[in-house]
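Each in structure tokens, the structures are laid out below.
In the two assemblies presented below, chain A is common to both, partnered first by chain B and then by chain C.
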Partner chain A sequence: MTGPESPRKPELVCPAGTPAALRTAVDAGADAIYCGLANETNARNFAGLNFSPESLAQSIAYAHQRNVHVLLAVNSFATAPRTQMWKDSVDVAARIGADAVIVADIGVAAYVAEKYPDMRLHLSVQAGASSPEAIRYYCEQFGVKRVVLPRILTVAEISAIHRQIPCEIEAFVFGNIGMMSEGRCSLTNYATGISTNMHGVCSPASAVQYVRRPDGSTSAELGPFDIDCYSADESTGYPTICKGRYTNVSRPDPYYAFEEPVTLNLSSLLPDLMNAGVTALKIEGRQRSRSYVQMVVSAFRRAVDDISAGRQPDLGGLAQLSEGGKETQGAFKTKKWR
Partner chain B sequence: MAAASLTMGPILFHWPEQQKRDFWFRIADEAPVDTVYLGEVVCSKRTPFFDHSLEAVAERLQRGGKRVIWSTLAEVVSKLDRKVIESFCGFDEVEANDVSALYFLKGRPHRIGQYLNVYNEETIRHLAGNGASHFCLPVELPLSTVSELARAARETNAGIEVQVFGKVSLALSARCYHARAHGRTKDNCLFVCENDPDGLDLKTHSGKPFLSVNGIQTLSEKYLNLSSEIAGLQAAGVSAFRLSPHSSDMVEIASAYRQLLDGAISAGELDARLDAVGVPAQRMNGFVHAQPGFAYVANRP
Partner chain C sequence: MPRQTSRTAHETPEPFGLASGKLPKMIGILTAPLPLFPVQPILRRMVLEVTRKRPELFERLGPHIHSTYVIDVAEMPFVLRLRPDPDAPGLSAHRRSEQLNADARISGPFSALFDVMDGAADSDALFFSRDIFISGNTEAAVCLRSALDDLDGSIVEDLIQMSGPLYAPLRFALTRLRKPRVGDRA
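Moving on to the complex of A and B:
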């Protein structure tokens, strides 16, 4: 998939939650689109989102006519006794000609490697492979061609990993940033009984409630837990456990114990990431609207083209798309984030 | 059905060296557990504090008739993490908690820890094919999944272990939340996690106990207690039951679970003994019932 492109010009990998978003991302300049089937086999299993096998086949045709690849995420964890559902999703990808499958589960990876040895295999961020040894294991055992790195590494660490692994690197550059290591978080299941790993959902809308308190404040609840509480003059946020405010014995005023609601924006680190040996830049947001996808994808398209051509990129427009307007470079810039 | 084995998991918290030594010595001499897991699972920065006690502790445990397994770090990011993993994989009997360890262990017998994502029979088969002989399952699995995995494990003669007591690990992160709570970062944490022998509890705005922070790890605030589920788990093919160490009297807790496994006391009697040693009364068992993890499902057999 790297094809004839020089390593200096990375592939732009963009999200699509619907066929319309997919066409939008293709038209806005994506090199590849990633998406999932409308079931529990992918990590963005939200109501009204994702593809049927038929709509995926049509979307792949649309993308391929424009030389854009389509990657199918089958990246939740196949859960016995429902394992067959994940195998079926892989079969769909093979049947309708997806350009790669993105998997996290060892069992699913083993199934792909055994049944479809020629299918291109990407290791999902959900696999949490954060060291050269872990990545090499997946490459040796299953023939993984690309790893999507967890969002817990600095650019310097990414660069070091690049030199020690036999596969390509895909790195997140923009979008929602979870605070917990991907694929290793059962917080949603603890509060709601719906599991991120087993059902592909973080903070399901069906478990969310906003409750108006007598003092005019609004509490945002997930299951029975108030994840945050907003005074009348604050705008309310979505209750995601790792972005809530809590107290502890020495901090009686609620604080962001894990992270504030912020958006990852690595646009200013793009040149560094490209120099670190990153093959593909990934934009998060399969749950986002078409207009969001259009704006983010075209902004990054211009930026990547500008940097590759030695021009100064302009990324001013991206800030307004950030969650609550706040941005972070997360783990990528400095170890002090940890 | 083979005799159920009782195990003591790794100490998750940053107890002072002396406390850890005393803990393991007492377990070695007094606790009716078959297997113990030694090693720092959460934070490689803590490892130097206990390095020179490891040998003495392992020796004493073995003299006490315990099988000693070395449990690896659950998350590998830094150079130090990688070094620690590699050196741990040099021990005879190792439990892998991250795929990084599998890279070193493949081809020889080893165990799979509860931090590795084992959710289906294909994963069991793959890992068993590379030498895995025992699986401690992730904490969030419902009984229906545990049963299927136990069946797959039996086909490869592997053991299946499930945690039955203690706070459960819900998430790992690159960031240290203990340091953050004190306005520090992971690199200059000054080991503030040492102040909280059972984790730093977080409450919601309305004062509801919720989670517990242990360095980069987020645990449940509630203690898991599967006293009423053990019989069902045994029937499903679970062969080993893990207690996760806390500052409460773990020898007494181990004795109670041992007696429960032997049919000498009831689940109700075990619960009363947990009360007696001061284990917080609000307990959880939801995951195994396919309910929210924090929930307690009344299930008296």
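Moving on to the complex of A and C:
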């Protein structure tokens, strides 16, 4: 039994976009891996990524042999008349022994609860459930066992929510951080006609182009839009609208209208998160390489172990992986983070 | 303001002037005058061997097995044109001055590109830091990256083993110039 001064050691939940990345995460010390099938049912439906049912089954076997859980993200929104795809993905998870499914859509949640009542159900960040009332509803209606909180809450708010809900909390600690309206962003849809929330892909690579200009700068284009232009010696970020720079009549110089290219890194807040009652620490990055997975997972493994043992953690080596060369604690420390 | 774009990789302005210094410029200078025709059969053999030994490479490419890629290693005196079609694979060397039709162009210094090929470096981070550059069909480039990243073992080692008379210079370049890997620091 542990008290506030020595919180329970949290689970380290790590990303995998390929079987090789999954094995890398397992070997680097993950407690659980989250991943998705190669279709529109998961919110990282990027070209060339993700798992077939067969490769997922093999990967689960690899993880289970090493006492690591595998969570299947079925966390895009099922739209008529395509709902069978989401049901099929849940069926795959049940058939091959995934340890939980992560869902956002209430229809998918209902399908899991009704057809597989023994299957562990996690609520995706894509559901955008950020109040105790909303989270309790999912718990009561569908038996949700864990909520992945949106990245809009301070640690103090997470702690308050923890005291008011009957399920576990999973919180992001590292990786890409985008628009603060998770599961509701339609910017990609506006620019490309493809929905982040329903097709599972933000800024699809098929709609992205980088063009080197004669002056050495590079423009990033999404569909018909220029979303940024980088000078020759300037760090870049992902080609998403929310991290682009724009001009308008009142601001003729390009500026970040929504977000800046920056990476979430809560390494210095890990003890606070653990004391706040967070059960699982989530690393973002299913679209990243196995090199990223190895570096980040092993760093956070050491940090969690150090904190749990009362040692000072060292997570200084991750800046090189950061988007735009910058890191942030986002809203977790203060709502005035921009 | 919305603007329609339609570009292909070969229209990209000339590569990376990169002067990265990762590989001694002398190698590029010394080899630049050499004819390319002796290299072509070696490259041909390498791509055929990879096709035979690494069939899993093609699964993640999807429709992009029919795409063509220009791989522009900054320190090399020529660029490589790759067609990862398991039924008709192609890898050939070309002068930079050639106007090559390709779907995607991937440019960068030797150490960065070879580490990405081997899963030893994070391509997104190298892209963020401007060490590597892609142009043309981004999806084709991303699929190739994911396909390589999902391979077990070292495809760079495979290629070196297959390189025949290029074995010695490639081995030299790899061992001397490759950045230390994460695991190497322990």
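Throughout what follows, the second predicted complex is superposed on the first by the 314 of 338 C-alpha atoms of A that agree within 3 Å, B and C clash if a C-alpha of one lies under 4 Å from a C-alpha of the other, contacts with A are read in each partner's own complex, and residues count from 1 in each chain.
Here is the rule we go by: a residue touches a chain if its C-beta (ideal position, glycine included) is under 8 Å from a C-beta of that chain, and two chains touch if they have at least 3 such contacts.
Model, not experiment: these values are computed from the prediction.
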| item | value |
| --- | --- |
| Contacts of A:66 with chain B and chain C, given as first, second, both or neither | neither |
| Touched chain A residues, chain B compared with chain C | B |
| Touched partner set for A:95, first chain B, second chain C, both or neither | neither |
| Touching partner for A:153 - first (chain B), second (chain C), both, neither | first |
| Touching partner for A:115 - first (chain B), second (chain C), both, neither | neither |
| Which superposed partner A:77 touches (first chain B, second chain C, both, neither) | first |
| First, second, both or neither for A:311, with chain B first and chain C second | neither |
| First, second, both or neither for A:258, with chain B first and chain C second | first |
| Touching partner for A:225 - first (chain B), second (chain C), both, neither | both |
| Touching partner for A:335 - first (chain B), second (chain C), both, neither | first |
| Contact residues of chain A, present in both the chain B and the chain C interface | 224-226 |
| Complex contact set, residues of chain A against chain C | 17-21, 46-49, 204-206, 208-214, 218, 221, 224-226, 230, 232-238, 261, 287-292, 294-295, 298, 320-325 |
| Complex contacts: residues of chain A adjacent to chain B | 77-81, 83, 86, 104-108, 110-111, 127-134, 136-138, 141, 150, 152-153, 157, 179-181, 183-187, 189-193, 195, 197-198, 219, 223-229, 241-242, 244-251, 254-255, 257-259, 331, 335-338 |
| Complex contact set, residues of chain B against chain A | 74-77, 81-82, 85-86, 98-104, 106, 115, 117-127, 130, 138-140, 144-145, 148-149, 152, 170-177, 180-182, 185-187, 200-208, 210-211, 213, 218, 220, 286-287, 290-295 |
| Interfacial residue positions of chain C with respect to chain A in the complex | 2-5, 7, 12-13, 60-62, 64, 115-116, 119-125, 127-130, 133-139, 141-147, 149-152, 182 |
